[in-house]
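Two complexes follow with chain A in common, the first pairing it with chain B and the second with chain C.
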Partner chain A sequence: MSEQPSSFIERLRTIVGDDGLFSEPQQLRLYMYDGSIDRALPIAVALPRTAEQVAGVVRLCHEEGVFLTPRGAGTGLSGGSIPLCGGVVLSTARMKAVLAVDTENQTVTVQPGLVNLDLTKHVAPLGFQYVPDPSSQGACTIGGNVAENSGGPHTLTGGVTTNHVLELELVLADGERVRIGSPAPDPPGPDFVGVVCGSEGTIAVVTQILCRIVRKTECVRTMLAAFDSCRAASEAVSAVIASGIVPTAMEMMDHPALSAIEAFSHAGYPVDAGAVLLLELEALREEVEDAAPRVVEICRANGASEVRVAQNDEEREALWKGRKKAFGAMGRIGPSYYVQDGVIPRTRLPEVLERVEQAARKVGLRVANVFHAGDGNLHPLILFDDHDPDQAKRAIAAGEEILRACVEAGGSITGEHGVGMEKRDYMVLQFPKATLAAFTAFRDACDPGHTLNPYKLLPSGLGCAEGGKRQKTMAQMQELAERNAAVGDAY
Partner chain B sequence: MDVMERLRPSSYDEAARMLHEASARGNAAVVGSGSRDAWFPPARNPVAALDSAALCGIVRYTPADLTICVRAGTPLADVQAALGRERQRLPLDPWPQGTVGGLIASNDNGPLRTRWGGVRDALIGVRVALPNGEVARFGGDVVKNVAGYDLTKGYVGSAGAFGMIVEATFKVQPQPARSTCTALTGTLDAVATAWRTLRERALPFAAVEVVRTEDRWTLYALAEGDSVVVERLVRECGEAARTTGCATREAPPDEAAEHARKPAGARTWLRVGIPPAQTASMLASLAPDQHAVARPWVGIVEIFGEALGESDLTRILRDAVEARGHAHLRQADDDLRRLLGWWSIEQIEGGRTMFPMLKNALDPARHCNAGRTIYDQSE
Partner chain C sequence: MSDETIDVGNYLEGVAAPSAEGLNTCTHCGLCLNACPTYRVLGREMDSPRGRVFMMRQVREEQMPLSELIADHLYICLDCRACETACPSGVPYGELVEAGRAQVEAAGLTPRRWRFLRWLLNRVILPRPWLTRAVFALPRLYAASPLRALARLLPRRLRAWEAALPRPRAPIAVREASRSGGAVQRAAAPRAMALTGCVMEAMLPHLNRATESVLRKAGYDLVPAYSGCCGALNVHAGEREAAKGMARALIEAFSRSGAEYFVSNSAGCGAQLKEYAQLFEEDDPWHERAKQFASQVLDLSQALAMSGVAATRVLDAPVTYQDACHLAHAQRIRAEPRSLLKGCSDDFRELGDDQCCGSAGIYNLTHPEIASELLRQKLERIEATGAHLVVTGNPGCLLHLRRGAAERGMNVDVRHIAEVMDATL
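After this line comes the complex of A and B, so read on.
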């Protein structure tokens, strides 16, 4: 930095105003975390209200070489909004307006800080919905969803965030404001919007989003099927797909998860089951009425001991309530959890779930599984005590083992939570050097100084020996876990 | 294309090596089957052209995973045939000729765009030969994947600007059990009211196409799925026809496809993208002898014909841009081409800023298919 921090902070204040800047330690502490296991303290938090102010903050940080970490609601699960190297956190919390609703073109223009669920609530009276529905939808923001390319349980047929974003207004790393994409289909040239979705705040800050909305489906039927084991439930998932029926959601919860969820949410889940599938069909009434009994039959043929079909909206909400609050429910069975987000081809579910169980057993920790079975997106929750550095280390080791299993099965290290800081050094498991070099070159081309969300998404220290590099990051994570314990003790 | 050398790599590594060597000497062109070659400006002064004809065939296909991985030189028709044997399909029905790589690079689509989206919605991974001699892989084989930058999307519509696509993985879907096409014929106002009514009712038609047939307009609504779904959708068409005064009939399966295709002999072909609510007014503005096909739920209007003169085209291009859309003159005589260029677009600045970022990362020497996209016309 070319000047004293106090002067820098005063310049920030002139951009965002007195009420748009936090710099007191007790305020900053609220911005040192997200939903993952790491922590780091920013030097200031800017809360701009306009795109001009965002551009001003980004430009100032760019000019002064100060790191800038964009942040939506901080619900991310990969450390994406943690200001790893200090610097400024740019929170979009005060940019949460719905700017325009266009029912004829089935689009909505929103600011990035709008909460996901508030978008659907806004358009619901008009008969519309916004499809991507991450479990954190009551808190997470559309801007954060764009950064992470978030999914949710209903993406099996509906797609993820990138499939529902038509146009973006951005502030690039040097403060330049640009608009990409179009309200019209298939604009000429490369799909820039697709490239920005999921870039985790490392190449731009999103200031406005044109989202696609869809009319609410005529008929929804939700059902719950109980199985003896995850293997049987996985086989039922494949059998449903093989029958030509593609449900909008196929969620699986294993026995440990069920126990925790039921104790927390009282959703009425069968706690004795080895695994439960939550299936949802959304379509024309005739189609649902035709398909639902076939799904029930397929589940029974694959060993379901019980199949329960929600008879009304209340029962449907009760079935979903448990699933949506599943991560929060883990507090019932462990002080903390480390959640992984690997994806595998659906047909490999049974064998990879066994490897997940083995990985946790090997390090002496328990694991609960709550995940999107339909698209093979696992969410093993490794239970550990975050005040015990040794347990943290073992949880991380089990997590790595699980991600290895996913990649070896032909999958990915992350399906919707993002790479962030947590999985950056596992990128080498999934991608060849040429790909990582291209990612780095793209990052360099967009933000040569790496001031935007530094040390995220890309492996740290490219060029080191790969094994050594992971070791190094493991050590850093270990150190962070220890620091985390100290912070917890202090407050 | 004045090409000094034609190269046909038979492996991914060979493609990367050939592209590296060619681009070290000058500009290198990347081509598929050439079926869409004329839709884009020619590559600037290539010293060599790499074609994908020998990079052909299916790499991986597990029907139960609903994904397929193929080499980029595979004709789309071959991919559909392989999927068809398992009663599955790739829900993309663009210009029927051409390779998978060409389909991605041109971002082409057809009637099924209405329900199933475009290339970007079906494509989940690519492998590319880069001008630096390396083979990189973006995306993957699984339907959800947010590891790293989604550069796969950068290749959709890239016209070969970022290297040679050598392999692609797509999401696929079960073939529908049944399919019925209903035709509703009437005035443009009546037909437009019908398509709006059907859209407002959130009915999952696989395709909705509008064509002018002499002095009337015909709406083709394609119902796909199990019998109960098809019957319901056909019933809804009947209801929409009754309330709008359109005549209705079941159309033979190929009738809509025949209309959607560019007529033989048409020398001009313009493809317009506009916000879908603008479709009716754009169709209304066309002269009676202009042959047009529209996808009104999406906002695509394709206009073909010999009668399209400079003034007609200029007005249509202006209307598209004013509606916040864009237009691509896929085919035109040289004189028209000189006057109107290849594309009209509402705003180009964002892409002009982003394109060099991708180019710097993937083809920093700017030798790969130079001059073929809207964003490198002035380089």
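After this line comes the complex of A and C, so read on.
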């Protein structure tokens, strides 16, 4: 541990090349944020091009006891890719190749930095699609999706990322490269792929993914229903599902969100409505043609003032564009937003939405709702000014209140955005102590050196302070502390 | 942007700075990343729109100095504005990066490669119409001279440049079609002023003639064209004061002509003309005047689509359309050129990709590595369509694609939409 600060950086440089390493303070600042509100500075950013380089970086960090945080595109919403305790950020942005397409077995082999939508675009001409479609799919990476076990509007019938990953190539915490899972379904033994999906970079770094692709469905119909209130729209959601029809997506947008969405998408969203439902049916043509009029009827019976069916692909795409980019569009109605991600049984939607509104009002902030109503996955967007530290604090307080409401309604503190650093401390709301201890024991077994994405996901055991003791021997960590202090002053 | 009186952080006072309002519109969601050609090539946050906006914001908030490093990243940007199409929040990226470059310029931090070319072009050549004509006519004069016979002695790479030089080309192959169409006769022909521009008239004058011819066929009454420079190159390089003077002169000439429309056949110029108002403070009377003027500016494809003119002949070869960034992203014009081409082709093929070709003004000279990579990707897409004719609405893309196609030995002809429409109307 008598290494000079420069030598660690130099050794990193020999692994990833001059072009693959950044350590200039001004450049590092560009890796202190993601799509949400947390910030922390790394000491270096590595951009490997191969799995060997990834393994080299992970091994070096392991040997030197330096923290390592993997990063995809940095579109995450729970701080998963924030280098909370400093250390190295490993960006997969340059590992974005599609390595193989196997249409007979309906699989694709990809590198982790491949953008979700680019995967679908790659297989679309062959008549296939990759199902998980997070709203950030135009920018987020498959590796990031695996880390967060991402969902999307089509989770309702399609499942989340873990349901579409067959095999993973990993670099373990000590730099060893292994493969888990199998190209054939249901291999014997524990479901290790399922464990890695959603582990948020805390137990391994993924270097290759074997994804499942499916044939595009024959017929897709997208419709929009306008209601007076979220309550009426929520009741329509339950009524549609109770009727036996399961749309592939049922998305709700409330009144405050609609104006921003329409300003961006020009899709004809009714900005005066109290709430809007975006419903999509996907199946064989006969089935869709049978179900669509029934859905329209159910919406009307539950008070829809207008139901519109997209007439062509352009109209359909415009509607989805509005929904998928809704979070980003909040920049039009507030300087910043804090998005929460809780799940509740969908029958409890009206009362929990009421509590969301109350939570925001209590701290004097506005809230907009854009969410996956079909599976009760709430996404309240608390609007605040990120230049005002007090407002930021109040936004976080309201967020916590909302998660409490979700758990009390029998739900969970995260649907698809991950726990990251944002919800780490709320895990205690969700899980008993013994369960959390079991999680921690598993993680300790995978990463005994505690270098992989520290102080994320799990509430106890691995604070920066504890890990930091080991690291303080290294001069660069002190430098880091100073830089972190400077950032702290800014926010 | 009346920033001068407000705190501009580490920016220089008295020079347009990226506005706090514009910068704060960014929610750093990251949805722009994969739309950005330089991020796709380099994979670095510093070369993404989100990263550049963040840097500009940090300078304003005194978290970072305005440094050479930031300057470099601001100039690695192509200013293609694909991020504006992707951005859900409506961040005025083009405006921000141009103001950022104005600051870099004023602080004397302009990257060296840029400094010389920009000085030569914007200070020496373009302000002098006679010199502009002389310099940009050189390639044309060369092409008509016996010197050309020596071109085959050049190395392969230079031969491609040579092959892309403007020269008389074979007429575009068309055949008569049994379509009803033809020139439009209008009772009250709208008066229009065309922009012949600085580089275009010297280098590719036949495109200006084709533009005038096709506008007449579409029933416009043309007043004498405006032959000055619009100032776009100056704005992109951060030279706002020079650009203001050019804007005033152009608007003044247009007003005096009594024309109803101002038509541009170059995407970059058109975008600039429509954004003149951004150059002037809101309390400057020129701001309102520039706004009014913008509502009268049309891209050639808009002018033709509006007129209802329909092709009488169809193109022989399968054709594809390359979106010029300053049409697709800056002016949001995508439908008009496509509908014109579909009107004169039985075999129109979508390129399915609107990423910048890498030309981007003088970018292909200042950042040849990135420009070549983007060109390679574009040419691959073109090959995949199987089209033999590529049509675009911007002279920069035209020359860049021609050079690339020649270097790659591709059997494709690259043409401006003015020539294509003139041949089929």
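Note that the second predicted complex is superposed on the first by the 457 of 491 C-alpha atoms of A that agree within 3 Å, B and C clash if a C-alpha of one lies under 4 Å from a C-alpha of the other, contacts with A are read in each partner's own complex, and residues count from 1 in each chain.
Basically, a residue touches a chain if its C-beta (ideal position, glycine included) is under 8 Å from a C-beta of that chain, and two chains touch if they have at least 3 such contacts.
All values derive from a computational prediction rather than experimental measurement.
**Q** Using the superposition on chain A, tell me whether chain B and chain C clash or fit.
**A** fit
**Q** Does the superposition put A:Y269 against chain B (first), chain C (second), both, or neither?
**A** neither
**Q** Could you look at A:L117 and tell me whether it touches chain B, chain C, both or neither (first, second, both, neither)?
**A** In the superposition, A:L117 contacts chain C only.
**Q** Given the superposition on chain A, what is the angle at the CA centre of chain A with arms to the CA centres of chain B and chain C, as a multiple of 10 degrees?
**A** For this superposed arrangement the angle is about 130 degrees.
**Q** For A:P335, select first, second, both or neither according to whether it touches chain B, chain C, the two together, or no partner.
**A** Touch status of A:P335: second partner only.
**Q** Applying the document's definition of touch, where does A:K423 land relative to chain B and chain C: first, second, both, or neither?
**A** A:K423 sits against chain B, while chain C stays out of touch.
**Q** Touching A:I344 in the superposition: chain B (first), chain C (second), both, neither?
**A** After superposing on A, A:I344 lies in contact with chain B but is clear of chain C.
**Q** Under the stated touch criterion, name the partner, chain B or chain C, that contacts more residues in chain A.
**A** More residues of chain A are touched by B.
**Q** Just checking: does A:Y31 make contact with chain B only, chain C only, both, or neither of them? Give me first, second, both or neither.
**A** In the superposition, A:Y31 contacts chain C only.
**Q** Taking the superposition as given, tell me the minimum C-alpha spacing from chain B to chain C, whole angstrom.
**A** The answer for the closest chain B-chain C C-alpha pair is 21 Å.
**Q** Residues of chain A that sit at the chain B interface in one complex and at the chain C interface in the other, please.
**A** none
**Q** In the complex, go through chain A and note every residue touching chain B.
**A** On the chain A side, the touching residues are 102, 104-107, 148-149, 151, 155, 159-160, 162-163, 170, 172, 176, 178-195, 197-199, 203, 214-218, 238, 241-242, 244, 246, 283-284, 286-287, 289-291, 343-347, 372, 375-377, 410-419, 423, 427, 430-439, 441-446, 457.
**Q** Please name which positions on chain A make contact with chain C in the complex.
**A** Those residues of chain A that touch chain C are 22, 24, 26-27, 29-31, 33-35, 47, 73-75, 91, 93-94, 96, 113, 115, 117-118, 136, 138-140, 263-264, 325-332, 335-337, 387, 490.
**Q** Sort out for me which residues of chain B touch chain A in the complex.
**A** Per the touch definition, chain B meets chain A at residues 62-67, 87, 107, 109, 113, 117-118, 120-121, 130, 132, 134-138, 140-159, 161-162, 173-174, 177, 200-204, 225-226, 228-229, 231-233, 273-277, 298-300, 320, 323-326, 328, 343, 345-347, 349-351, 353-358, 360-362, 364, 373-375.
**Q** Which residues, counting only chain C, touch chain A once they are in their complex?
**A** 24-35, 39, 43-46, 51, 54-55, 58, 61, 63-64, 67, 69-70, 86-91
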